[in-house]
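Just dropping this structure here.
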Amino acid sequence: MISRIMTCKEAIENFVRDGDTVAIGGFTTNRKPYALVREIIRQGRRELYIEGSGAGGETDLLIGAGCVKLMVNAYISNGAFGNIGRRFRRAVERGELEFEDYSLDVQPLRFHAAALGLPFIAVRGLLVESDLERRWGIPAEKYRQDPKLPPAKLLIRENPFNPGEKLVYLPAPRIDVALIHVQKAAHDGTVRIEGPAFVDVDLAMAARHVIVSCEELVDPEELRREPWLNQIPFIIPSACVHLPFGAHPSQCVNHYDYDPEMMHLYDRACRDDELYGRFLDEYVYSLKDHGEYISKIGPDRLGRLKVGEKNYVENLARGNGES
Amino acid sequence: MISRIMTCKEAIENFVRDGDTVAIGGFTTNRKPYALVREIIRQGRRELYIEGSGAGGETDLLIGAGCVKLMVNAYISNGAFGNIGRRFRRAVERGELEFEDYSLDVQPLRFHAAALGLPFIAVRGLLVESDLERRWGIPAEKYRQDPKLPPAKLLIRENPFNPGEKLVYLPAPRIDVALIHVQKAAHDGTVRIEGPAFVDVDLAMAARHVIVSCEELVDPEELRREPWLNQIPFIIPSACVHLPFGAHPSQCVNHYDYDPEMMHLYDRACRDDELYGRFLDEYVYSLKDHGEYISKIGPDRLGRLKVGEKNYVENLARGNGES
Amino acid sequence: MKSKQAQEIMYTRREMMAVALARQIKDGMVCIAGTGLPLIGATLAKLAWAPNSVIISETGIIDGQMDQLPTSVSDTRFAYRASAWWPRYRYCGFIMRMPEKVDLGFLGGAQIDPHGNLNSTCIGDYHRPATRFTGSGGANGIATNVNTVIVMRHERRRFVEKVDYVTSPGWLDGPEGRKRAGLPENKGPVVVVTTLGVMRFDRENRRMYVSEYYPGVSPAEIADQTGFPIDVSRAVEADPPDAGVLELLRKRIDPDHLYI
Amino acid sequence: MKSKQAQEIMYTRREMMAVALARQIKDGMVCIAGTGLPLIGATLAKLAWAPNSVIISETGIIDGQMDQLPTSVSDTRFAYRASAWWPRYRYCGFIMRMPEKVDLGFLGGAQIDPHGNLNSTCIGDYHRPATRFTGSGGANGIATNVNTVIVMRHERRRFVEKVDYVTSPGWLDGPEGRKRAGLPENKGPVVVVTTLGVMRFDRENRRMYVSEYYPGVSPAEIADQTGFPIDVSRAVEADPPDAGVLELLRKRIDPDHLYI
């Protein structure tokens, strides 16, 4: 059996190219593949297209580090931890980022279509009579010309089974690389997500390459005892990387809570270009790899984030920011 | 909190009407809601439309008992246990059953479309250049006139994003009642399927009414500890019925194996009209309810079907039939 | 409408808003709520008078029994003792397939027009905005398919004749708007809870009017802070929060003052 | 091609078929197989010479390590130590999205034509058939998207010029058929393993020819049992099963003689 195990460095080197369309699993502050994202920044990838849905600090980080040329957006937030998406917002306000907007109902359905090999998905009502339908962030010509994009943002067409009824036809995106962080993966590439799956399984099935980072690298036999609990079989991932705390500072069910300290720090840093540069230096560029990152955060702080039975840290100090 | 608990009798009385379109969960010999089906037969429902996919003996039973007017078929089998679907086959051969044929790739996608509120799903290639595409079991006029059916079996239309490319547009079915048997349900209606979900979650979301039978009726708190493992939240089911061994003689993960003795008996009975009548009398009509059915099968025999760690009975005697 | 005891109780404007939001929820209602004031309002209703109400997060969490306040719609705190936590596509399908199962959805925005059309995308030109926000989230699907309660800061620049970008449709251009557009006609914005009072929409012309002003606010002040003509003739003073409700808010729901 | 030892070993025709099926599988191949002879063949290959081959069930079971023979594609025995067991829609999507991940699919049928078009639906008129079968199963999706190995009883009434109903497309009407129809051109039926021998399809005209006849069968007998003209000029005698393989079949794979 071929092993899919790689180092984080190898996985990003092998499977993420400049100009790739990248989609990222998790949701805002939950199970975000931060370690993989930090390595992409470290390796200096450029001109990425991001297919986003419940984006969080990890996507803002990629944008802030200058890796992103175009973002298909639905939502970017760290929840109550300050006004995240500030690097995204600033990049749009400065005209430094191409962007498109869908809604958070539509993007998962587009991913789902791509995962199922459907050329598009036709829905009732969504986006209709809003500027999400009428005004496109990316010009129609660019959709037609850029092979990385579908031929249009959307099309309004009839329901062939009910002539006269207008539907919104949403094209499936083309995704080069999906990045997901999971609780368990085996040497063979079998993946088990514990807790909510969000869009991760769809991304894994939709993308040309899937890079999986995991909290625990386990024996395939452990996961194969209950195959129905494994969402992604071993024939799908391109690479599995063992990265405990790979979702820090976001949550990871059965492992750790989000890290309010880092969330607030990010919130402060992202308000100012210079501060932001220093933040990137300190937490990404100056650290050789995820191991150094984890050492920098330190075992005490990480230990305090360990979740109990409720799957969060009770009475975690969360209000010390400026939000 | 409203309780969804009912007896099997009440659930079928309240939610299954003559002429309803019924869809049945599980797959051929796995987790088939046999007890619910036997009660439908006992109550003498007629003129049912069946939306089938991985149908097994339970669907053949409904057809054999004269409950079914029309079946949308993709597959009906008890696997190696004789040639099941014999009542289905005979009904078609005798012209006693209206029918349509799709494939076992297409039906789950139609259910999926219905579950997601999509009017249709458009696929590449499936059914194309086969008689599944060209020859319809149900005439086009009937599709247009019967409000219980979609407006057409399928339509061949262009991909609006890629003019010239032909796609198969498959309409979502309209499902009145879904019948599913699961491992765990709670008083409040929360449902957890252990093992493969097959089409069950899609059926539950697609149907107007969902009747759930369960092996174990548990406290909601037990299921709510890991909400991501519950596929169906309490706001969906219309009725929950506690029916241990409700899938007998099919398999039920974490509980029991299929019952080869009953499978072979069915295989013999379904070859002959008279034998079949006696089979129905003995195992359905003469028994007041599922409790009497279970007593008739008997605890010793059921005990021998109890699965171990491998989720089947090792060296189960299976070859004593004529198949 | 004021009771004597209530007048003597001190409370903040955000507390009043949370209570006004909570009052939209009756027992048994199913509501989609995001974090912040909407979730606080929904939780308050559930604890105070609507024990069988159900809160849904757009990440697919159904009926979380929150013990500690979540900071995002994907926070595991939102899913504590929930009935299910669906993958994303399942929630999206649910909203399209079974909108009748949901009674209310809560939305917020940066701008709103007289018919309840909402902007949460940008201020200024869409392609090169003066201020860009983080994205529509799931607001569009909610606004399309279910009745909504909208939370707004009540300022002239936010209550405008025409929003810079329609992120989520309200009643569009009036009573026939949704029908003409093919949107569900019987669903739309019901209430706007603001920093000054509670607005509703006229059944005839689907225009916003002032329904309630908070104690200490006048109808004239609301009209003045609204960037379009607004009917104040039906306005009454809102009941202030009572002590029990404030205690729930402060001690049980948001003791860390994350949002209030 | 015969070895001396092999000639002395007794084996049944169904055992020969299982071995002929198994020989289509090389190490590392990913195959979709239903229960019965295809699964027995695939299991044999995996145990004998293709340890890294992967068996997929159309119910969404990926890489079961079967210990006891399943009686249906949803039998939990099929999923023993599998990598995953998907819900149905996920398998259906996989077959459309990633057909290149699958090397072979196994199909059976009641009738086949010279271009490998298969009937597993009915004999006679579709609406009032003389014999109705249980339904197409997932054959159509497999026939559309992946290369196939077909298992057939070799009889004149089954090998026909024109099948009564095309359940699964083969090469359609010849070399250009699939391209014209918009089906994947580079995928189609590769081998037909029958009760008499092994048929393949000519690369030029995509017509069936006899590739191998089993020991004890003559090419003429195959031609005689085929209801359309078939080229026997390239036919060679198949290697008989060797003792180790038969032992695996009898003792390890199907000791209860469920299928052989």
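By letter and in written order, the chains are A, B, C and D; residue numbering begins at 1 in each of them.
In this section, a contact is a pair of C-beta atoms (placed from the backbone, for glycine too) under 8 Å apart; a residue touches a chain by one contact, two chains touch by 3 or more.
Only a predicted model underlies this, so the values are computations on that prediction, with no experimental measurement involved.
Using the contact threshold fixed earlier, the set of chains in contact with both subunit A and subunit D is B. Interface comparison, B-C versus A-C: the higher number of contacting C-beta pairs is recorded for A-C. With centres taken as mean Cα positions, subunit C sits 42 Å from subunit B.
Rounded to whole angstrom, the centroid-to-centroid distance between subunit B and subunit D, based on C-alpha atoms, equals 28 Å.
In terms of their C-alpha centroids, the spacing between subunit C and subunit D amounts to 60 Å. Multi-chain contact residues of subunit C, defined as those touching 2 or more other chains: 61, 79, 85-86, 89, 92-93, 95-96. With touch defined as above, residues shared between interfaces to two or more other chains in subunit A number as follows: 109, 116-118, 123-124, 165, 195-197, 201, 225, 228, 253. Taken as a graph of touching chains, this assembly fits none of the simple shapes: it is neither a line, a ring, a star nor a complete graph. Chains touching one another form the pairs A-B, A-C, A-D, B-C, B-D.
Residues 1-2, 114-118, 188, 190, 201, 205-206, 220-221, 223-225, 227-228, 230-235 of subunit B are the ones that touch subunit C when the two sit in their complex. Residues of subunit A that touch subunit B in their complex: 109, 116-124, 150-152, 155, 157, 159-162, 165, 167, 169, 171, 194-197, 225, 228, 253, 309. Of all residues in subunit C, those touching subunit B in their complex are 30, 52, 54, 61-65, 79, 81-86, 89-90, 92-98, 101.
For subunit D in complex with subunit B, the residues that touch the partner chain are 35-36, 58-61, 67-68, 70-77, 79-80, 85-89, 91-93, 95-96, 121-122, 126-141, 143-145, 165-169, 172, 177-178, 181-184, 256-259.
Note for the complex: subunit A touches subunit C at residues 26-30, 53-55, 73-81, 83-85, 88-89, 92-93, 95, 101-106, 108-109, 111-112, 123-132, 135, 137, 165-166, 195-199, 201-202, 251, 253, 257-258, 307, 310-312, 314-315, 318-319.
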